[in-house]
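These notes open a run of structures that come right after.
The following pair of complexes shares a single chain, chain A, combined with chain B in the former and chain C in the latter.
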Partner chain A sequence: MTTATSAIRARSRRLNWRRAGAWALVVLAVAVSILPFYWVLRTSLSSNSALASNASNLLPADFNLGAYKRVFGLQTAQEAMAEGGSGAKIDFWIYLRNTVIFSAVTTAGAVFFSSMAAYAFSRLRWRGRNAVFGLFLATMMVPPIFTALPNFLLIKNLGLLNTMLGMVLPYLFMTPFAIFFLRQFFLNMSREVEEAAMLDGAKHLRIFFQIVLPNAAAPIATLALLTFIGQWNEYFWPLLVGNQDNVRVLTVGLGVFKSQSPQGAPDWSGLMAATLVSALPVLLLFVAFGKRIVNSIGFSGIK
Partner chain B sequence: MLGFVVFYLVPSIRGLYLSFTEYNILGTPKWIGGANYAAIAKDPLFWNALGVTTQYVLINIVLQTVLALGLALLMHRVAKSTFIRGSLLLPYLVANVIAALLWFWLLDYQIGIVNNLIDAIGLPRIAFFGSEEWAIPTQALINTWRHMGYTALLIFAGLQAIPQHLYEVANLDGASPFQTFWKITMPLLRPVVVLVLVVTVIGSFQVFDTVAVTTQGGPINASRVLQYYIYQRAFTESDFGYGSALAVILFVILALVAFIQMKFLRGNESDLD
Partner chain C sequence: MNKKATGKKAVGALAAAAAAVLALSACGSGGGASGGSGEEAKGEISYWLWDANQLPAYQQCADDFHTANPDITVKITQRGWDDYWSTLTNGFVAGTAPDVFTDHLAKYPEFAKTGQLLALDDAVANDHVDVTQYNKGLADLWVGEDGKRYGLPKDWDTISLFYNKKLTADAGVSDDQMKALSWNPQDGGTYEKAIAHLTVDKNGKRGDEPGFDKTKVAVYGIGLNNSGSGQGQTEWSYLTGTTGWTHTDKNPWGTHFNYDDPKFQESIAWFASLSEKGYMPKLETTVGASMADTFAAGKSVINAHGSWMIGQYTGYKGVDVGIAPTPTGPDGKRASMFNGLADSVWAGTKKPATAVKFAEYLGSAACQDVVASKAVVFPAIKSSSDKAEAAFKAKGVDVTPFTQQVKEDTTFLFPIADKAAKVDGIMKPAMDAVVSGKQPASSLSQANDQVNSLFNK
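Take a look at the complex of A and B:
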């Protein structure tokens, strides 16, 4: 009896130690994920000249908003230099406008057309359906750079380099991932309502808009969210096609801003302020829809 | 449908065609057969890029899978909270460019916080981006940081799909946690792990953003990864034929890797069935 209880006690004590250790690891992982962002915030609120001498204090060094003024274009080059900035310019508002247009238009287009295609792949029966779908899945494997070179030539031949249209076109119609994602949901919808509607003489277009789309509102919203974030973060294609100020997006702009800073003393606080402001929309979306995003991860992994 | 044909199918075929031509954007492509491929086989920069990329991929697979598996187990056993899952996902949501710039600052040689900490515990500072031996591991670490939580969530979802009663049975039979892990968890997790491996490998072979923003292939050639090399050949040197041939090779490598992984790890089957 006594040996048994003491054995149990010893075991639970060991478990407690294990639990504490496990929690410590979890906390460490969370810290590694989040703390860099705090450090960016701290840097962006510091003044450049103070950063060098006071690089490790947890609070901002010589707290001020100069870096943000620089990013938003509220500071003259002289003021920026005086605060240790490089005087390099970032046309934040134009880049922001371009990024919003680029992400919003491609997301709307891709989600709309992809849902139509997904509908065709899941609810309609036609010859060669599975073969074509297989081809779609295969294109998910094609590295983007492989199609990027010919697509670049196509956009160039159409005279659309450095235009919004050229940036948007390849993403506008569909992405294989979106079709794959939506098809899984459409496959699980019950056929009964659809068949009833067909008996009433509804055409595919009506069924699609009035039955399928409303019923799939949740997955479509999730897909739109994921696509938007992905497009907001896109770098390679906008770099190729839109590398001039009038169409440059934030990611590309950040790269340029960084490379304009002289190697010796980069404008760290300005760069970090710009970084944070560029990431802000995604961070806000995440705060608003975090649960939806987190839950969608499980889905995309195992069907 | 049209979009698919115009921007996926036709470009794929055209890309293949261009790889057999000499083409500098101006004028028309000139058919030169396999000359590009022959040149690539003798191109030291290509072999360097392949080696560097492989190094990057290997560090990523090992670090990312092991860390993510550990994190997923931790989340499954002790901490299922959405807050924790959310914070782990945060790095994945920001752009590669932002992750790159963020670490470019944190790892700065002079006043970056990481080097200050290293200095504080009495070790020599590390030129993370400026030294040949560190350039690629640094890029891989940044990528691991960004993807670790995402990968962990994928595996976590897989863990949750494992029926609980299997563990109860194992417990009754007196299996140790170690045995349970290797005999139940790992085999049933295999499809997810295969997926994670395929996604990680395919993703890491295409590293570009981080390199383009931080080291631009340097120092010397230490971080000139395949995709960056393709970009340079095609867009900086306007050698589209050569660039396309390199892209074809990258594509073939990816297809091979995915095929082998699926084959060896039997990714399509699940022991649950």
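Take a look at the complex of A and C:
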């Protein structure tokens, strides 16, 4: 009896230790992953000229909102320089507009066309289907840097440099990953529903729009979100093609803002403020759709 | 020049053009315009620069220019140094390069050679631009190997020592001592003594005291930017320049480099030894860090840096910064690399007359006085230079350590040579290896052979 209770107690104590250890680990992991974001916030609330001499202080150095004013263009170059910023400006609203257009159009296009392709690869039977699909998958192995130059020259010869169309085109139609992702899902759809629809006289277009797409809403939403975030963060292609202010996206704008005179230190607080503000929309998107994504992944897992 | 690349034979053309982009040369729409005879100066042109700190000054120049020439508008784009050159060469190929842009001595020889720059000789002659108004030597730097002028000087820079006044005072090193340092490659002279004394380890022991722990340094006597590659502009050229050593056989357009000279290797060996002794940060710890920020954080006491950094160094809150001239060397004199930027006109510009007119305005006293008044850099024109010095003084910064090199004629010109990118490709890793202590300075002889073989072909 006593031995049994002491064994239980021992086990529960051991469990408690284990649990405490696990909690400590979780807390540590959370702290480690949150700290960089806190540091971004802290830097953005500091005065740039006071940052370097207060490197080890956890609180903002010389607290002020000047960096945010700089980002939204509410500060003159003179004021900015007085706070240790530079004469560089970020046309935040224009870059934001460009990023939203760039991400939204490419996401809409890529998801729509990829789902059509995925439909063809999963629900239609045609000769050489698997071979073509294999070829498609193989293109996933080609690093994007290899296609950057030919793409660039193509866009240049089409006269589309520094246009939104030129920036959007390479992403607009499809990506192998999206097709692969959706095909796996479409493959698992029951044939009976489709056959029933066919008996009712529905053609492929109708089946695709009225049966397959609605049924795949969750994975499509997941894919759209993933694509959108990827596009939001895209840097290299927009840098190559979208040089002018009117098509420059946020990532490129921030990159330009970061590096100024050679060997000079960047306007860290302005950069961090801009980074934070430009990450916000994606964060909000996650808050709004996060649950849906988890559900859809869970759903597709069960299937 | 090579319009074939954009022809119709798709595959071949793509490959050819791709190679052209990679080589950052050869192709593009250059060579078309020549002086803009008969064309009227009007319309909108674009101007690029990389230094954000100078943007307000140049914006004002553009506005003033527009007021004087209502038919012309100038659109200024600032882009950071890191992307500047790739976007520019990309623009040459794509036909989207700016009409006028800030150009660098290390870059323009290749641009000129591939026909991307408009020669300004006719304009200079027709519009009577006085090239003697610039500080000595600056205008000549922009005359290419072919004898044509490819830029009008906008500013110049020299090197000095920025130092943390509080930390030097703590160590008992006076401002006068800082201004009178001397150096030699054997024992480092009073310069090394000062650096050693200013270095403090975590136990508070100074670099020249017994028991100094070089593995646990809290404050370095001198900061390190990087290894300096083949030029060492802010890193070591102010030292090697006092030994009688020169980068190339002649400057500009040298075709033989002297990295195998014992005088040079001796100096570099001394420079690398500072890290070894714990007086200077290890090279690997400087990657991705700003030397100026490290300085402001109190981690280094002396930083040798260029005059374009004055605003940065004096802008830190709570850091009292002194500026001292570079130390005198074995020849008894100081030395500083003298570098100058200029504005160049792109050969592919659709409005050459307008572009040239604006470039001339940027090179004129009217614009350079505006730049001077902002106290960010030293304009190329002598009278404007003096105004900048006064403007700095009004801001409470004594910049004589920078200007005295010019006045005392102790400057030497930035080494201008063809194939700069390739030379850099060889010298950067070679210098990195030496400064990080992985290779002896004698290994530079081999790198020198490689560099020189570039010019034998």
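Observations, loosely collected:
Going forward, the second predicted complex is superposed on the first by the 252 of 303 C-alpha atoms of A that agree within 3 Å, B and C clash if a C-alpha of one lies under 4 Å from a C-alpha of the other, contacts with A are read in each partner's own complex, and residues count from 1 in each chain.
Simple rule for what comes next: a contact is a pair of C-beta atoms (placed from the backbone, for glycine too) under 8 Å apart; a residue touches a chain by one contact, two chains touch by 3 or more.
Here the structure is a predicted model, which is why all the values come from computation and not from measurement.
When the two structures are aligned on the shared chain, A:Leu74 is found in touch with neither chain B nor chain C. In the overlay built on the shared chain, the residue A:Ala24 is in contact with neither chain B nor chain C.
In the superposed model, A:Trp39 lies in contact with chain B only, and not with chain C. In the superposition on chain A, A:Pro144 contacts chain B only, with no contact to chain C. In the superposition on chain A, A:Ser47 makes contact with chain C only, not with chain B. In the superposition on chain A, A:Asn233 makes contact with chain B only, not with chain C. Set side by side, chain B and chain C differ in how many residues of chain A they touch, and the one touching more is B. Of the two partner chains placed by the overlay, neither chain B nor chain C lies in contact with A:Ala196. In the superposition on chain A, no contact is made by A:Leu284 with either chain B or chain C.
Contacts of A:Phe136 after superposition: chain B is touched, whereas chain C is not reached. Comparing the two interfaces of chain A, the one with chain B and the one with chain C have residues 51-52, 55, 149-150, 152-154, 156, 239-240, 255, 258 in common. On the chain C side of its complex with chain A, the touching residues are 6, 14, 17-18, 21-22, 50-56, 59, 77-83, 87, 90-91, 93-96, 225, 234, 290-298, 305-306, 308-309, 311-312, 315-319.
The touching residues of chain A, counted against chain B in their complex, run 19, 22-23, 25-26, 29-30, 32-34, 36-37, 39-40, 43, 51-52, 55-56, 113, 117, 135-136, 139, 141-147, 149-154, 156, 169-170, 172-174, 176, 229, 232-236, 239-240, 251, 254-255, 258, 268, 271-272, 275, 278-279, 282-283, 286, 290-291, 293-294, 297-302. In the complex of the two chains, the chain A residues touching chain C come out as 47, 49-53, 55, 62, 77-78, 81, 84, 86-89, 149-150, 152-154, 156-157, 161-162, 239-240, 243-245, 255-267. In the complex of the two chains, the chain B residues touching chain A come out as 1-4, 6-12, 14-15, 18, 25, 70-71, 74-75, 77-79, 82, 84-91, 93-98, 101-106, 108, 110-113, 116-117, 120, 145, 148-150, 153-158, 160-161, 191-192, 195-196, 202, 205-206, 208-209, 212-213, 227, 230-231, 234-235, 240, 243-244, 247-248, 250-251, 254-255, 258.
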